[in-house]
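For clarity, chains are labelled A, B and C in written order, and residue numbers in each chain start from 1.
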Amino acid sequence: MLYDALIAPFAEFEFMRRALVGVFALALGGAPVGVFLMLRRMSLTGDAMAHAILPGAALGFLVAGLDLFAMTLGGIVAGVTVAVGAGFIARATQLKEDASLAAFYLVSLALGVTIVSLKGSNVDLLHILFGTVLALDNATLYLLSGIATVTLLVLAVSWRPLVLECVDPLFLRSVSRAGAPVHFAFLTLMVINLVGGFHALGTLLAVGLMMLPAATARFWATDITRMIAIAIGAAILSGIVGLLVSYHAGVPAGPAIILTAGVVYAVSVVLGPVGGLRRRLVPGRHLEA
Amino acid sequence: MTAALAFRDLTLGYDRHPAVHHLNGAVEEGALLAVVGPNGAGKTTLLKGIVGALRPLAGKIELGRVRVRDIGYLPQAAEIDRSFPISVYDLVAMGLWRSAGLTGGIGRADRVRLDQAISAVGLAGFESRAIGTLSVGQMQRALFARLLLQDAQVILLDEPFAALDAKTVSDLLDLVRRWHGERRTVLAVLHDIELVRARFPETLLLAREPVAWGQTLEVLTPENLLSARRMCEVFHDDAAVCEDAA
Amino acid sequence: MRLRTILAALAVLAGAIAASAQEKVLVVATFSILGDFVKNVGGDRVALEVLVGPNGDAHVYSPSPSDAKKLAAAKVVFTNGLRLEGWIDRLVKAAGSRAAVVTATKGIAPIEAAERSGHKAEHGTDPHAWQSVANAKIYVTNVRDGLIAVDPAGRATYEKNARDYLAQLDALEAEVKAEVARIEPERRRIITSHDAFGYFRAAYGVQFIAPQGVSTDAEASAKDVAAIIRQIRRQRIPAVFLENISDPRLLQRIADETGARIGGTLYSDALSDEKGPAASYIDMMRHNVKELKAALTS
């Protein structure tokens, strides 16, 4: 019985196995990036990025027609330009990250709409660019795995300056010139995780699996390494359960996974030991020291 | 004696308004220098300039035998993101930057130094606490521990004792004295004139422009202090372009 | 004086006869396929207006004021009937048209509509009678008779045009049967969300199976995809013609996992525009059969 409910769907259907691998890869690459985004108060960047990539995708469309590879590549270029440009302005001027990014992505979106209208057709480019977790072909799986690998490698190498940049940027500046390059490398990681995620899985799933597990982990850990581990775990759990819900109950796959992640998040808000509602609702007795 | 730091007609500021105006002088190696002055005198700005966070509007800063990354800098604690989830241990460990670098491991010798630094500032037992749970005093102690680990030749302290209780101040001052004994150059921006008179042999009285620089007792006269206060109250929105040069 | 009046009257009459000989008969056809039949039978004698143009959907068409105007001026309106155009009766009345209304499917034995999701929510007859060429011939004869009724002067032309066109349809019928015969019998089935091929199936023996699940444009669920894969595997369906799955990657995944082939576009309810592969009825049937054969022959 339990086998039928939990294992059989994956055993019987290849698309289910592929979806699982895809979610795995996205969790490994996207969840750590999401934790950093959350800690840097950039949680809404994902949605901004979904709009910012339009001119890149549009240019890819102008050059190569409805070729997914060209459009995705264009999207990545546009995304990196917007993210790094916004980051640079935020560092070099008094404008903060959020305003800088807002300015960039709005201009980018308008540019994209203009480019699309030049070609005359009313094609909903972004709709075409966004995939679904149930349709992962080999190329897409390689893309997701590649992104996860690159992300983990870059994070491993730039761990210290990245953390320092978040906690005490002045100190970092005084001991090293790695601050700016590391920051831009992080922004690039964010863009490839997002755009790759859009291409493979659609916006909802890509952004959702980045940010919801990060928010969840906030309530279970006081240390960033553990936070990232919990975020990855939450993402994978949401993926598995969400796919099973979609399989048994007929809920669309992407939303099912995100709804599951949402439930995990809600449970964490209430029951999480760190900074959640639990201590408010049930204060418990205080310690000796 | 050689100069650890030298200022040549240095002007630092924001948006073309000078916060430090035409500063000339040198800090000898091994000096224990207090930088005092009224609010808005440019003291924090001066430290930021030394450490490279601010580019001079005019003039230059010469760094003697050290590079910027060999300077130990303690900014005002408000600039640190206390909500970030790292432990006291990890915060202090940042001081090992010079030896561990980007990816280098932290060896056993380093760990011993880490533990010693944490004990030296009286934070033994706090290693795994998140920095967000520390009081102001405990945070300052942690930052001093980090400074200890940095093993820097030049140390800059920006308002290190603000809002601390007497015991903490006294403990940290002992560390400063230790550094001075080890012939490190220490600059400290301070508000407490009495503390400066008691513990710091050399003082720079800054009120955007240098009012006096030298032996503490000669610098901190009532006349000097009065003129410093007067000089500082000026900040014109439509000031004319400055024609002076040193 | 009387003579002058008579001569004047004769002149006017002659003019009227001459004018009417050059003046085309205004006719309206409700949708593109029917319009094609009317064009072939009517030839130059008719000025044809089609309400639901190429690639249009006659099931859910909402008429505009210019349609009413066309109807008001027309001599005859050709409809499909069989409940295809639910909107036509009201439109004719609202237009105040005194045109004759001809139901082109008169005499065709209707088929029950298959139960499917999508357009045909109601049970009842399947209106897509033209999918069988034999039925198309009945359409043509009805059109011919309808034109003759309102324009007796053109009887000879209409009868000749109809004869020629019917001959073409006979050739088409033979062609379709021959092509289908080239497909192995156990491969004569596809999955499609089109619900318009009931008559084709009855006439030529190809099965058009409805997909279980994945019926709309909305995002697919794992359950839907699993259902359709199971169905394709179980019923050993060799090809999928699922144009309503907007994500080509999903379609490819289903094809990869079942070994089915992805078919091209099938035209069921309307002709394509002039540049498309189904600009006339005969082209449409040829195109559909070609697509079917390409997908189903191993």
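Everything that follows uses one rule, which is that a residue touches a chain if its C-beta (ideal position, glycine included) is under 8 Å from a C-beta of that chain, and two chains touch if they have at least 3 such contacts.
Please read all numbers here as calculations on a predicted model, not as lab measurements.
Novice: On the document's contact criterion, could you list the chains that touch chain A and likewise touch chain C?
Specialist: Both chain A and chain C are touched by no common chain, going by the contact rule given at the top.
Novice: What chain sits nearest the middle when you go by CA atom centres?
Specialist: Smallest centre-to-centre distance to the global C-alpha mean: chain A.
Novice: Among the chains, which has its CA centre at the largest distance from chain A's?
Specialist: Of all chains, C has its centre farthest from that of chain A.
Novice: Mind checking the centre-to-centre distance between chain A and chain C? Centres are C-alpha means, answer in whole Å.
Specialist: 49
Novice: Rounded to the nearest whole Å, what is the centre-to-centre distance of chain A and chain B, using the mean of the C-alpha atoms as each centre?
Specialist: 40
Novice: Roughly how far is chain B from chain C, centre to centre by C-alpha average, rounded to an integer in Å?
Specialist: 86
Novice: Would you mind writing out the residues of chain A in touch with chain C in their complex?
Specialist: 9, 12-16, 18-19, 127, 131-132, 134-137, 140, 202, 243, 246-256
Novice: Which positions of chain A touch chain B when the two form their complex?
Specialist: Listed in rising order, the residues of chain A that touch chain B are 39, 156-161, 163-164, 166-171, 173-178, 221-224, 227.
Novice: Hey, which residues of chain C end up touching chain A in the complex?
Specialist: 213, 218-226, 229, 246-247, 249-250, 252-254, 256-257
Novice: Within the complex, which stretch of chain B touches chain A?
Specialist: On the chain B side, the touching residues are 51-53, 68-69, 71, 73, 75, 79-81, 83-87, 90-91, 94, 97-98, 100, 102-103, 130-131, 146, 150.
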